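Each of the next two complexes has subunit A plus one other chain: subunit B in the first, subunit C in the second.
Right after this comes the complex of A and B.
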């Protein structure tokens, strides 16, 4: 377990900024407690400073996880955001997409969001913008990247893809083995 | 007047007649009760009264292979009947142990246990209840879920699930987060709510140790054997994501599902690690509360995993209880007795046998004198055994709780709650090895006083330690007197 290097934090923060923009500051400057990012076995964890200090006494091979795992660094050095970060993304998301009940299951099986399943979308969402996907009852289900801007979606036919799938909560079941 | 007299006489007569009738009825009922049963038995045995097979016959039956299931069933019924009132109903010249032996071997063949385990479980209960227990092990327990209070409320969750076509109801008065699922048109472990972490599929019995532990916000809590995380996440929820929960599991493969569950349910105060539980006070100590849901034989969850019926032998039980005894001592040592809010240990197993439960708890009480049993805080459940088959345990063992499938309709379970108090180890070693009943303790104290200290002889040492204490506080101790000086030189040398 160690703090992130300059490059690593840059990679993590640019990825996060894609979803929550300037709200990223709320992750660092919290009113309740001091939080920190830590790297452990290629994975990035976000935890309170107190729990991080206690976790230091756990030996490296035995430590499995602490706080919330945000994602991992691939072998080529890129940062991949995991579904576990959804809690924080949903809390601070700038652009949101709500999908209809009949679109929930297809999305949770790892498919892209189609226009037919689109319930609501934040006004003036640009193209290729990271969005958090909610069910109509405001339960966060995952996140993705918009294929078109809000304005362009109006003209599309119902089978066109609106949001490219990146992660969904179904991965807790599907990818349990590789996620951690 | 005459009229009145006649009337009252008539009433009296009527009353006596009725009383006589009642008596007759009672007698008849008694007779018929006995008679009925006997008739039943006779009918079952094709008109013949029940006769216990002799040793030779039993051996022959074994040699012939699998006996007829109906014969076995009838014989079990008859044995239970006889053992219910042995003196009256037994064949003359046959001993009780013959009947019991026959019954156990029939149970083993009928329900598919090995004889060792059948006997072990049979001995836990009175005869008719034992049969109920074995019957209950054949029936699956109800599916239950636990609301994740970090994400939602029970009422909201129930409403959304009902809208999805799930038929459910609160489990009982004792929990305010549990829901029992009767039937469901959707897979309950793959709904969007499940994936979003609004609930956890969790047996009702595994709520109990956490309720007993009742972790408070801002505490440091350890779960020694935590996978797959039902109890861990419940603890995190009770602590409202404050403080810290250490979730440990020795099996690295199982920590994956543990981590997945912890993240899915949004528990942010959990550190997952993978140690052998026995390493624990060395990794980290000073916990406010520890939950030890020890690895066990699983005799309480036979309905879930029936492989237990045949694959457990005497050796397994010895090994397991040995491991449990090691773990419980490690758990006790990991707890800080100075904890302001806690200092509690909950020991639980999903087993019903005595050597994995009461024996382990008793062992811990004998080994660690600063530990005592306290009320679990669970409103139901049977009391633990304070005596069992000639063994006498600490009388406080009745504060522990046992849960049975046939009584409480949940998995067989055992919960014990300890309070760890201050008290140095040396103190506890000095006291004699008798059980910690008040009188004995007093006696021990008195004995120590009789040995006594020669305070004159010890004065230099006392003075020196006083000086050291003052120095540690940052105060300047008074100048030494000559006499003490020599003594200090001695000690230094």
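Right after this comes the complex of A and C.
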């Protein structure tokens, strides 16, 4: 377990900024407690200072996890967000997409969001923008990247892909072994 | 009185000192070793291994001791000491043969010219002192002028002419020249091919250049395909820093990223567009700006309308 280097934090922050923009400051500068990012076995954890200090005394091979796992660094040095970050992304998301109840299950099985399943979408969402996906009852389901801007979606046919799937809560069941 | 009985019983207690084998045991007293080349008796080997080995060892040792007692001895306070002959067994070399030294520049030249090396004796005959003196070292011949208590000064010499000093400086210069040539010879021997040495030079220069900026290369733009310099260790912050410091560092990084973003956005329109619109407007309006240019256009239209 170690703090992130500058390059690593840059990679993490740019990825997070894709979804929550400047709201990253709320993750770093929290009023309730001090939180920090820690890297352990290529995974980035977001933990309170107290739990981080407790984890220091655990040997490196024995430490399984701490705090919230935000994602992992691939071998080529890119940062990949995991579904566990959804709580924080949903809280601060700049652009949101709501999907209809008949589109929930297809999305939760790892499919892209089609136009037919689109309930609502934030105005002025640009193309290739990270968005958080909610059910119509405002339950966060996952996140992805828009395929088209809000304006362009109007002309599309119902089977066109609106949001590319990146992660969904179904992964808690599907990727249970590798996720944490 | 017949003592043969007693002698026989006494002899039976001890084994004979003669070792008799089908093939005689080879003894090398120089290394204090024996080698037994007889084939192993399978029966006794299987019947009692320990006893078999002990008997083999005893025979070998006996043969060695027999050989030792036949050697010439020298007396000493502790008693007679056997004089060991030089060893005859050929042992393999532990390390490979040393490589021949690469020839120096002079050796190459001498070989080309056919100059034979003449061995110089360390001592030299001194005619004045009528004795053998060292060429160099303490009281050497090469320091004769320096150590003279009285030296003749030429007529046309400068007022500050110091024969001791000049002699000493000349000698020191010769030593320095020799040392320089030695180092050059070493460098020449270490060099492989000119290409390789050039490559090494370039790599060294590159590493030096990369770390020669004000930030020791920390904020330099990484070129594509550029490798990380070898031998520079990664350094991480300690895990147990205060969270407050970490928060400050992260916020600073965020602001820096933001300013970088702005800079990127400013530069990006230039790439796609060949025309610099801002500059074009400035030029067309003669530095008055876009609004003035628009007003001018309107005025022109109105004038046209009036006509």
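As a convention for this text, the second predicted complex is superposed on the first by the 180 of 180 C-alpha atoms of A that agree within 3 Å, B and C clash if a C-alpha of one lies under 4 Å from a C-alpha of the other, contacts with A are read in each partner's own complex, and residues count from 1 in each chain.
The definition used in the following text is that a contact is a pair of C-beta atoms (placed from the backbone, for glycine too) under 8 Å apart; a residue touches a chain by one contact, two chains touch by 3 or more.
Computed from a predicted structure; not experimentally measured.
Aligning the shared subunit A places subunit B and subunit C next to each other free of steric conflict. When the two complexes are overlaid on their common chain A, residue A:42 makes contact with neither subunit B nor subunit C.
Shared-chain residue A:152: touches no atom of subunit B or subunit C. Of the two partner chains placed by the overlay, only subunit C lies in contact with A:13; subunit B stays clear of it. Of the two partner chains, subunit C is the only one that A:2 touches; subunit B does not reach it.
Looking at the shared chain after the overlay, A:29 reaches subunit C, while subunit B stays out of its contact range. With chain A used for the fit, subunit A forms the apex of an angle whose arms reach the C-alpha centres of subunit B and subunit C; rounded to a multiple of 10, it measures 100°.
Per the superposed model, the minimal spacing between any CA atom of subunit B and any CA atom of subunit C is 16 Å. Shared contact residues of subunit A with subunit B and subunit C: none. Those residues of subunit B that touch subunit A in the shared complex are 160, 189-190, 192-193, 195-198, 220, 244, 246, 252, 255-260, 262-264, 266, 268-275, 283-284. Within the complex, the subunit A residues that touch subunit C are 1-3, 5-6, 9-10, 13-14, 17, 22, 24-25, 28-29, 34-38, 49, 52-53, 56. Those residues of subunit A whose C-beta lies close enough to touch subunit B in the complex are 47-48, 50-51, 54-55, 57-59, 62-69, 84, 87, 104-105, 108, 135, 137, 139-141, 168-170, 172-173, 176-177, 179-180. Against subunit A, the residues of subunit C that register as touching in their complex are 234, 236-241, 243-244, 246-247, 250-251, 253-254, 257-258.
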